[in-house]
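Mind looking over this structure? Questions follow.
Labels A, B, C, D and E are assigned to the chains in the order they are written; within every chain, residues are numbered from 1.
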């Protein structure tokens, strides 16, 4: 589906143009053509390939989808794969934005993602002096938008870890905690796959030799890089704390077992001691004076209860019960 | 066994040629000779060495087999070792494809692998404009075919991990899970040995100084590199999730032990309490009023059963039974 | 809040100047303007941006706060983010110092931090020959102050680990130890986030190509780097010892369980043996000579007590009790 | 002990020469002197130092022995330390081969190793065209021989791991398995110390700037490097599988404990239930109809046995027995 | 305290000189001044700073002490920090040697270390041809002495690990083993802090661009580097084996628990079975033929003892007792 297909000049929108006119506009170096597709059909992609003269390998990647994030140069143009991460019903959903950037065009192809980039276009159209910087700036704006949307995801995962930590130390059922930790680990791995390769690739858009379309914008791409670094660092911390939390949970499970054993043994003793005494007075010796006492029976019961009370208080004190 | 032995010119098949004619065709720079062997005898390899003038160390490697993936330059020619990975009866089987590439020849030697590369040759013959790019393109096509066959393997392993995860959280017998995880780890190590060295080696076929036969095809080899990166990343994730799954399984085993202990202790209590009461009424005191009651016996039984029912409901509530 | 706004010349204080005069003073290359803000309002930041002509991306970072430590070049000027770490009520609190450094100005912006840098300014004003070295030296002095304040933090964490170690080997309750270790891990991660990125960034302020404002001061910045290295090494050691301590704690928990089991079983035996003997003399055989002995009952009790004493001494010797 | 002391010319053996004549022959650039020592006395080493004019630091290393593998340049000559690994009575024994290589001489010093390099010399003498390539080729031949002898060691260790794995999953006694795994880990560490530093060092004998004596033989030294890479990779896999096997073993120990607990508890129940029933009929109530039945006793026994059989079959089904 | 203060010329000792004369001698390029301090007072350090014209940052480091090992260039001079490691009463004690090296002077400052470097000076004075190489050689000799003293430390730690391993597999009390392993880990971390930074720094004293005072001595500094590499490798192995030993110990603790459980359960059964039988004959059925047998009581005892003997032999066979 074609979301937008617009030609700009000097940072200002000229007109929505039909697909067939793209190649014509691209031929004018003073113009900028910015097209946005969403979940395109193969036919639409083919049309774009023809109009923009895109490299077949890049188009093939876009058609297959499910690429890892990367930034590839094809001659003067760039092919950028970004992964969008969205939180739906407590699960991370991975989408993909493929961006083809040439000297004076940008083609973005969005797949499996709910949230679009209308706000990016709106901002660019609001501030012509930015858009005048050309295709490189649009690429920056798209990357910046994708990367900024990682921050709330990271925070959601951090909140989840904190909630799990609380449950761990509050003694919540360990099985549920283990499942939560494992699920969090999975989500973290997913997010890491979106971030890490992009971090590496973005590092090549400023500093040393940079692709032509990114020249003149080093501060901007370094800014994206810096954001990605922060996210990456947060992921690393989360991973480490998660591993530690797993170890802690295992320790606490062992500990709980220890406590269960003590508690059971205490109750066992509370039953076994009276059973022993009952056994004693069940013996059939002819000469057992207590048996003939008028209050022998209550006497025995009192001893039983008394011993149990005494033991109970001792176990309490020792923290076994 | 010689599978194919063909001379091409300008991207089109000239003829199947006999082995003895190879050196003659190779001498004509406008031709391309493409030979495919399968599990060759030492004699066949020797003949090839003579016809193509191959380096003895490379031929020795091909004869021994069981090489790690690598790409080596011998003067103007390349010696490439690829590992094929095939899933047979749920086990990964490693095969080997050794490719000798010169300015205008390609010799591929396939061993211990069921699936051949007829489709690669067919595609190349169908599209002369591709084949016209020469020996480097044939190398690309072979590498691309080998690497693309890793994807279904990765998916099969991912499916296996998912199946194991489900069993873990469904409480399947832990012993079987441990064995499955260990087996998966083994398979993963095998796959990693096929992928990682190749990833490193492929990275040298584009970008900076590249071997002569690969010149002019950087986009193609980068594409192979990118596929290998994706596979490598998936392997890393699998390894990490697998390690986590092992830890989770250990936690759950400990947990289960804890639960077993509780359950056993509950049943123990259900037996011990009536035993104690029976012991009480087995005492031989002369004065035990209950013993003389007409309904003393049913009374005692009622107390036993009553206490057990009460305890049973409490254990239930506490989740011990 | 503006803490200080001073112009210097030849290392000596000229005068406190109003904000509006900053740009005028900055225009005189022989002067040095050094401004310190604390938790500034957006308006104050905007004024500074205008007076010093700061880069919008850097100012945006300063406004958002919560940046990772970094050193970025914007043309001839530097933007430095430092994290301050303070120990309040046993918890690490992270603050931020953003420093904008130009050829002849320094603007420091302190947020969420209790302790200021008055002492740094005092030292610089006391020693004009140092301050004469310009903005680079002020940057060094600020970084040195921030980094030196990490040392007591590291020592506090090391003390905490030592206290935990003692509790571990003294057999303190394992649950509390686990919580302490986890908390320490968290703090360590926090400190590491302040130190590691800064270490990397500082390494680029001496040696090879260095930003203009840092030129001529390699020994000073290497000194900061060296301090950061020491702190970083201490963090690494702490992390490793902490991981080891967690493993040790888990081992000791398992061990304790083992000892609990033995102890309980010993007590169990001390009850079960007399119970068995009582059972024996509760049998109803017509011919049981002991039952008819005058001292049969004391005899049985003596055997019970005797066996228990003997077993007790054996368990003691074996270290089970 | 001097094993061999021979002068060659144009790849062919001239004569066995006395030690005193070495310096004279080395002075003739068209000759090649190749000397082999075994566990030499200090006096022999001194003589060699004088004849070959060896660097004192290198000779000191050779005298001390127990060096890590390394390749050091001393002016135009090379000093190479290799570790031999031999399997004696199931234990890895480390020996050492120190090789001094100059423009036209090779001195090899073998220590604590049973197997010599007579086969290397024999091969070199059989193929004069190889030996004609000079001292560098002899170095290659020695390194190749040492490295090729690592392969059977790796295979032996892999076999041992496999044997342990089988024992793990066959439920062999865990204590023995733990000891075997630990022993294997030790051996692996030993082998790794022989391989890893050599791998690094060998990487500098081809490719970029190489020592003079190795010039012209890049394919050969790359071949050694490739073999070392394969061994190194196998070591890494073994280490990883070993770590995994340790984790698996720990899991299975925990699991076994769980099973033991269940089994014991089942047997406990089979005893406790009849004990309860016996206790019931040991009560002294005046009115207990069963006690007066003619077949009361067999009736009680029947109930006991019946309950036990029923429980036994249930435990069986649940896999507890 | 000033240990030595000597001027040399052409490798030979001229005279012990007073502190005040140092600067005068240093001014003569043909002389070499070598001063050794031990735990100096601030005043002594100040005097040295004045005489040798040392850099204030370096002197500050020396005054503070507790630096990490490093090698820093200050103009033409070097500032080297070495850590000495000494074994006192089974604990590693860290000392420090700070060395200031100029074109023709060496100042060594030793702190918190018992053993001095008199032997280094003696050796240098004995061999004038070595000392003639100047300040760089003295630096080498000091570093060599410090590094060589690490070897016995490493061996002591290896012995300790071996002793612990023996205790582990001999079944010594696990608690003591855990403490020993943890202590060893601490010591290892300490040693590693002395070695690793020095290894890195030493690597820069030969090969590429080297500080002026080290020029002409690459073989010597490479020798120090090689020794440090060996020590570093040993540390790595120790760390890895230690981690493995911890895992092994944990496994054995779990295992021991398993064995304890089995043993206890066996003894439990030996008591429970006779208790059941006694319970049977304690039943009050009117018709229980055995009760009326003349030898009923011995018969019952025989059955009890017989069953116990039979069970005992079975438990023995199964390895439970």
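In this section, a residue touches a chain if its C-beta (ideal position, glycine included) is under 8 Å from a C-beta of that chain, and two chains touch if they have at least 3 such contacts.
Bear in mind the structure is a predicted one, so any value in this text is a computation, not a measurement.
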Practice prompt. Can you grab the rotation angle between chain A and chain D? Superpose on CA, round to the nearest 5°.
Written response: 145
Worksheet, complete the sentence: Chain-centre distance (mean CA atoms) for chain A and chain B, in whole Å, is 25
Worksheet item: Between chain C and chain D, what is the gap in Å from one C-alpha centre to the other?
Response: 41
Worksheet item: What parts of chain B, by residue number, touch at least two of the other chains?
Response: 250, 254, 257, 261, 268, 272, 275, 279, 282-284, 288
Practice prompt. For this assembly, give the contact graph shape among line, ring, star, complete and other.
Written response: ring
Fill in: Round-the-ring chain order [start: chain C; next: chain E]
C, E, D, B, A
Worksheet item: For chain B, which residues are in contact with chain D within the complex?
Response: 55, 57, 67-68, 70, 72, 74, 174-175, 178-179, 181-182, 185-186, 189, 193, 197, 246, 249-250, 253-254, 256-257, 260-261, 264, 267-268, 271-272, 274-275, 278-279, 281-284, 288, 290-297, 300-301
Discussion item. Please output the residues of chain C touching chain E within their complex, sorted ascending.
Written reply: 165, 169, 219-220, 222-223, 226, 229-230, 233, 237, 240-241, 244-245, 247-248, 250-252, 254-255, 257-258, 261-262, 265, 268-269, 272-273, 275-276, 279-280, 282-288
